[in-house]
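Structures for review follow.
Two complexes, one shared chain (chain A), two partners (chain B, chain C).
On to the complex of A and B.
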């Protein structure tokens, strides 16, 4: 039985440390249980790869079949046939608008929280509480944020941010959706920036203090530039989460596929009004949805998937560049 | 406040209590006759800092125990001693970097040109007493910006490049790096070699025009050749600034130091001219340490 065989691979000179053998050489001499474990790991790994690849490939094929340039420049419309229902111009713009607004909140806030947690951390009780709060946010399902958002933005005091009819605050708008979506992105920004800051050795900070710089200066001029890859990663992952979120959009942005402004002020009225994003467009056009135009859903899903994949590639590139601190 | 419960201090088993009789010269340590970087007597020395009855503790643990010594411009002072003897703590206390450690407490008085450092703003003090660390740690920016960072007011980006060029070049010159980098000052500092990075850190520390330069084992991460370059540099610098260097390397201390302070378990065991401390130490513990008896 080779189960307990000693490492039998030829090790040339006895004086040198044992040479690294290739995985194939060594696994043959492993114990049976280890080999079963290895086979299990490979099976699962390949299995997941196949599932993922199947989803991506299927969406690519379907998307490429149904995508037309015209879809990008026409607004959705009510209708019964493919030719009547228009494209996804409004949802595409909506996705961009909502992502920009949510990141405008989540990025500075997350950056500030991460810097405070990593560099100051005082008072420590508050820092610990903030830490667990951020972790809790990361674990909260977005539908819960959505529900909370509907309750919050229906308050009279927040009437400015959505449509109001006869004193009844509608509570659904780009503002409401972006505010809640920022909570989805916040933990990702905080975690990544913090990790980047903590990877910088302490003596780099001290080198800056030791030439008479304050903590704030050190953070701005030395630490954040050094942690830039992590900052970019955090921001991009945050954007990825935001553009992929559906629950908050459906509950808080409303069910209108087109921009539906509230009021007369040019830009503000659009943001106060309801609209859609690619996710809610897919949701509405899925076979189970109200609009039920699966080909449009495939095309929009393809665009959404491409955006997320591109973001992931960008994250990889950003992370690989310039991790120069030990 | 004095420490309420001074921790027990372990002492070496000494053979006799009387001041040690020391084995002379080569028998004690073979490198005493080795070539030295510094030649001749030290130039006229001016006292810049004075450490008076300094004690520092981390929580209940005493790291530096009532140490007093002067720091003079025109001399290189080397702090030697085994690991954990408090030399780095002493060095860091000189520009109040110890305050960054939450548990650290300090007693005693350190003066800079007669002024108690405790009364100075830490940022102002640290511009006058700058420090170079064990690991070369240039900031992730260009060679130029690394030095200009020190010259500019806190986080501001002013004055602009052109105005600062002279000062940056002179700091790089004093650190002996200018000739190697003058072709491309916008080169990323992290792509320099280890020895160049450390000289850039020295240039950075010199840019503020400090009165005292603290060096915490500046050569321990470097190869012998870079070490030699930096040692030459340190000896040259002693006329412009007071230099204090912490080193584990006795040969290095002997090569470059004018005065040597031997610390052991937080105490200053012996302080004196390098020739005396290495050649004929007064204390038994010093004799044992410099001859490789322990540490």
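On to the complex of A and C.
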């Protein structure tokens, strides 16, 4: 950047060019095509705002119209009318459980990959392969992961993670869904942590080496704490992606809206069994779904959207704290 | 001396950490390789039974799926006949339409955000873009089913149009148009994010040079900024295309559940004809996974998707190479 600035360029920050307020700046003197272009940019920019506001406000208004405190504490039930079908206690818990389990896999793994890529990365061929693999994971449709999950968890060796019936492994459980969802969150964690680590200037590492710290200690005690905002951002974005995913849930968590435990070990049986999350609840309660209770879908969608909104705010806060090394 | 040499071979904690991390990375790579290999292996019977006619246009996909499944249920000879053209065509139409539409919109929005928006508009627009990118697809689907689809069904499709094709397909609002519109709203924020990163990375001096020559701000930014950021435009488009290809849930909800290939020769009706892309077909037939022949067929669809995604990330990688040379990150 500094090489591109000739001596003619003045010292003040380049984002505020001197011409900004000059007469030529008023678009009245521009050619028609340029004015149309500018008008188009304004229209689309404002239009984008309006579309987003319309979607979010519509969901909020409809959600607030149909949400009842009772919905949070009752389980879904089979029924034909609004009063019979219960609430979304199970899906809400399911969302939290699945997100926690998937992040328990994706977060340490993503952290490890990012640290290795940024701090070690030694056979450089392996590093390049890892980089492109993570990018490929980010571009792979989640439905493909879901299908692979059905294949993987139907293997007899993994029977312990799901329901078995006469030796046939059912292959659908919280374990299966969380394992495949972690692949969806992994690229986000890796990319963000890696970016955070790379933004730390080299002299910070050197200072730590100079007082005799090893690479491992440096990473753990200096680099990761310094990159914490990016780590948090990556984790939050991962959680956001996980709670928003539907395809994997529909295929791997099964179509039961209630928790449907398998076995009789208290906690393990729930995790081995099938269930639902808010996304699959909305999917099932939309007019195209099996349960078809749009008012419930609106209420659950409202809760889901609020969770995503909160995560977004959290990411913003984390990112704002992360401007330390500039 | 020799006695001392042996313990010296023990690894330092730091080396051990490097090995452990490297092993983890290798394990993840192997797992991903496993996914790719197994999806293609599981898909192979369907491809080998049909040959290239797997991709051909021959008959009704839904009827073929039904035939495969019933043959399995009756314990008859397994049937593999599957000609996927209608759903591939649906995928191409929906993805292509949404990418073109959102590319145009996203380009202008990104230019607006980076260069022309007043500060207060920018302060609103940037978080809004991020928010829209993170809204779950099932919510878009819900809005689509409850708002967009009924609107198209009631106000866009005329009774005359409905009658004119009633013997082939019923027009109800679940349509190509609904899918394209909602999908483009879904992928536009991804594009805007990547585009505006690219546009921000354009060296300010280049723009100043053009402004100094008396060229107005719009033309300067359009001719120099946007052209310099071309690799970012491609990268963002690739990313958004991958997302559009893999979108199953929203499209399964709004495009109608029939594997119908919209025919451009139908005139304007074309846009309101129902269709169903690959990913949505997988989602809707996934309950039939238990039948082996059906499973091979479904995995064949997934293999086509995976192959397209692999090709897309290859394109994305190839596009980034010239950017790295100039030290531009995107």
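By definition in this document, the second predicted complex is superposed on the first by the 290 of 326 C-alpha atoms of A that agree within 3 Å, B and C clash if a C-alpha of one lies under 4 Å from a C-alpha of the other, contacts with A are read in each partner's own complex, and residues count from 1 in each chain.
The working rule: contacts are C-beta pairs under 8 Å (C-beta built on N, C-alpha and C of every residue); 3 or more make two chains touch, one makes a residue touch a chain.
Worth saying up front: this structure is predicted, and the values here are computed from it rather than measured.
By the touch criterion stated above, A:74 is placed in contact with neither chain B nor chain C. In the superposition on chain A, A:256 makes contact with neither chain B nor chain C.
Residue contacts after overlaying the shared chain place A:198 against neither chain B nor chain C. The partner of chain A that touches more of its residues, comparing chain B with chain C, is C. Judged by the touch definition given at the top, the superposed model places A:305 against chain C, while chain B stays out of reach.
By the touch criterion defined above, A:164 lies against neither chain B nor chain C after alignment on the C-alpha atoms of chain A. Look at A:207: by the touch rule set out above, it reaches chain B but stays clear of chain C.
Of the two partner chains placed around the shared chain by superposition, chain C is the only one that A:112 touches, whereas chain B remains out of contact. Using the contact criterion defined above for the overlaid structures, shared-chain residue A:216 touches chain B and also reaches chain C.
Put simply, chain A uses residues 214, 216 to touch chain B in one complex and chain C in the other. On the chain C side of its complex with chain A, the touching residues are 12-14, 17-18, 21-22, 24-26, 28-29, 32, 35, 38-39, 42, 105, 108-109, 111-113, 116-117, 121, 124-125, 127-132, 134-143, 145-147, 185, 188, 192, 203-206, 208, 211, 214, 216-219, 222, 238-239, 242, 245-249, 252-253, 257, 279, 282-283, 286-287, 289, 298-299, 302, 305-306, 309-310, 312-313, 316-317.
If you check the complex, the residues on chain A that touch chain B are 201, 203-204, 206-214, 216-217, 220-222, 225-226, 322, 324. Residues 95, 97, 100, 122-127, 130-131, 133-135, 137, 139-141, 149-150, 154-155, 190, 201, 204-205, 207-208, 214 of chain B are the ones touching chain A in the complex.
Contact residues of chain A toward chain C in the complex are 1, 4-6, 9, 14-15, 17, 19, 24-25, 27, 29-31, 34-35, 37-38, 40-42, 44-49, 51-53, 55-56, 58-59, 109, 112-113, 115-117, 120, 122, 126, 129-130, 132-133, 135-148, 150-152, 186, 214-216, 237, 240-241, 243-247, 250-251, 255, 279, 282-283, 286-288, 294, 297-298, 301, 304-305, 308-309, 311-312, 315-316.
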